[in-house]
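One chain, chain A, appears in both complexes that follow, with chain B as partner in the first and chain C in the second.
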Partner chain A sequence: MPDTQEIQSIIFAAIDELNVQREADRQVEKSLDTKLFGKDSDVDSLDLVNLIVSVEAGLAERFGAAVTLADERAFSRKSSPFKSVHSLLAYIEELLGEDPT
Partner chain B sequence: MVVFSSRLDRSYHENLQKLLFFNPNQAQVAPEILRAIERYGEPRIAVIDDRLRVALGSPTEVQTLFVLEADQPGARLVGVVVYTREEDTLVVVYVALDEAYAARGMKAQRLLFLRIVDELRSVARRIKGVGSLTLFCGGGVARRIRVR
Partner chain C sequence: MNDSVVLITGTRKGIGRYLAEHYVAKGCRVVGCSRSATEFESDRYEHFCLDVTDEAAVLDLFARIRAKHGGLDVLINNAGIASMNHVLLTPVKTAERILKTNVLGTFLFCREAAKLMQKRGKGRIVNFTTVAVPLKLEGEAIYAASKAAVVTLTEILAAELAPMHITVNAVGPTPVKTDLIRSVPEEKLERLLNRQAIKRFGEFRDVANVVDFFIRPESDFVTGQTIFLGGV
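For the complex of A and B:
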């Protein structure tokens, strides 16, 4: 089972990458509570795509397996895994914890 | 529910025009749009065989993917993506989303842009010799997304 801290650091590294492209007063907070879309979020559609593909790349690099986060499985969930950093982390843990067989 | 189509009837001309040229969200990504115009030319709407297509003011041959909201009768146009092939990658040239589907819109939870990326990955996977999708993110940074 992958370590939660390790996954969190991959997500935070993706946020760091995103923040490089944003102005100093529009930085995305590295917190589990950070909202990734919706009225309370400062993350726009392009940022979210950027963040998700960056996390996918980080997971592939760290765990050596291609992990697709943005697919029908995620979209069809009643509660979106992309709602916040916390829900994204939980979703990744779930995916990585699954038996590959 | 949203559906993707490479074809769009000419009756959607006004909707497409609004989405492409009078979209309130465009101000947020103005630098990216200007960079795309510099590189690929301005987009324009073309009518070919009673179907709408987006063409560019450059010789670049592009494909268009339309996104329609099919929840109600009379599907509403809610997104358009223009992309082109450059060697082993599909490059996303323009994306326009209906305001309701933007990050802070009423339908943000439907994650339309991510769905578009997922659809484009499927398109890319079906094309022989294409191994990635390229998106231009903030600051003109090109991000390659592996599709295989």
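For the complex of A and C:
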């Protein structure tokens, strides 16, 4: 089972990458409570796309497995896994913890 | 173009093979793929055997490109299949195969390529359509429909990927003497050529010329466009 801290650091690294493109007063906070979309979020849809792609790349580099975060299950859930850093982290743990067979 | 990483699908023969050799000759590092092995060998060319609709195999290919080259500069979505038949005699299995390879294969490679290109903030994607779309050729309903889908895909991806500085364009060749048209009767090809402004078969170099234009650095303001050859 992958380490929660490691996954969190991959998500935070992706937020760092995102922040490079954003103005100093619009930085995305590296916190589990950070909202990634919806009316309480400062992250726009394109930023979210970039973030998800960066996290996928980070997971592939770290764990050597091609993980597709934006799959049908993610979109069909009542509560989106992309709502916040916390929900994204839990979703990745769930995906990585699955038996690949 | 020197040292640019260029991924081309369908490189075992025909236009794809020609493009692989063309970009190797220009000093690019070319990654090619097809369902079976190729005879083309070069220290600047690497071949993978896969079906472009097999998501797991395609993801694995992109993971290898990421690991070896760290990114991707150009994707040329050349792989495609055709089947000419009257619509009343077209099996659903054939229709499915054509749509899967031509539409889903193109989509899958565009999606994964854009993920790699997005990181570097630049990239070029060239898709393949056909003059059968604007000419609305009888006997090619499913093939032309699949390639019309590629045009729409190209136009919408151009908009979605523009913020990442990735351009997406398409080239629409006329008939070129390859395996793809070997079963088309000669008089039908003759009629088709007569509908072109310039009435001759396309050559591989005609296709390469348009691809060269789309991928050159100066074309960074050209996106969402389809260029049909032969004056169609």
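What we mean here is this: the second predicted complex is superposed on the first by the 101 of 101 C-alpha atoms of A that agree within 3 Å, B and C clash if a C-alpha of one lies under 4 Å from a C-alpha of the other, contacts with A are read in each partner's own complex, and residues count from 1 in each chain.
We take it that contacts are C-beta pairs under 8 Å (C-beta built on N, C-alpha and C of every residue); 3 or more make two chains touch, one makes a residue touch a chain.
Not measured: the values here are computed from a predicted model.
> So if we stack both complexes on chain A, do chain B and chain C clash, or do they fit?
After superposition on chain A, chain B vs chain C: clash.
> Check whether A:S41 is in contact with chain B, with chain C, with both or with neither, and answer first, second, both or neither.
first
> Chain B or chain C: which reaches more residues on chain A?
Higher number of touched chain A residues: B.
> Thinking of the overlay built on chain A, is A:N50 touched by chain B (first), by chain C (second), by both, or by neither?
Both: A:N50 reaches chain B and chain C.
> If you stack the two complexes on chain A, which partner ends up touching A:R22: first (chain B), second (chain C), both, or neither?
After superposing on A, A:R22 lies in contact with chain B but is clear of chain C.
> Is there a shared patch on chain A that both chain B and chain C touch, and which residues make it up?
Common interface on chain A, chain B vs chain C: 46, 50, 53-54, 56-57, 60, 66, 68.
> What does chain C use to touch chain A in their complex?
Against chain A, the touching part of chain C is residues 56, 59-60, 62-63, 66, 115, 118-119, 163-164.
> Once bound in the complex, which stretches of chain A touch chain C?
Residues 46, 50, 53-54, 56-57, 60-61, 66, 68 of chain A touch chain C in their complex.
> In their shared complex, at which residues does chain A touch chain B?
The touching residues are 18, 20-22, 37-39, 41, 43-50, 52-54, 56-57, 60, 66, 68, 70-72, 75, 80, 82-83.
> Where on chain B does chain A make contact in their complex?
Result: residues 28-29, 32, 95, 97, 101-104, 108-115, 117-118, 121, 135, 137-139, 141, 143, 145-146 of chain B touch chain A.
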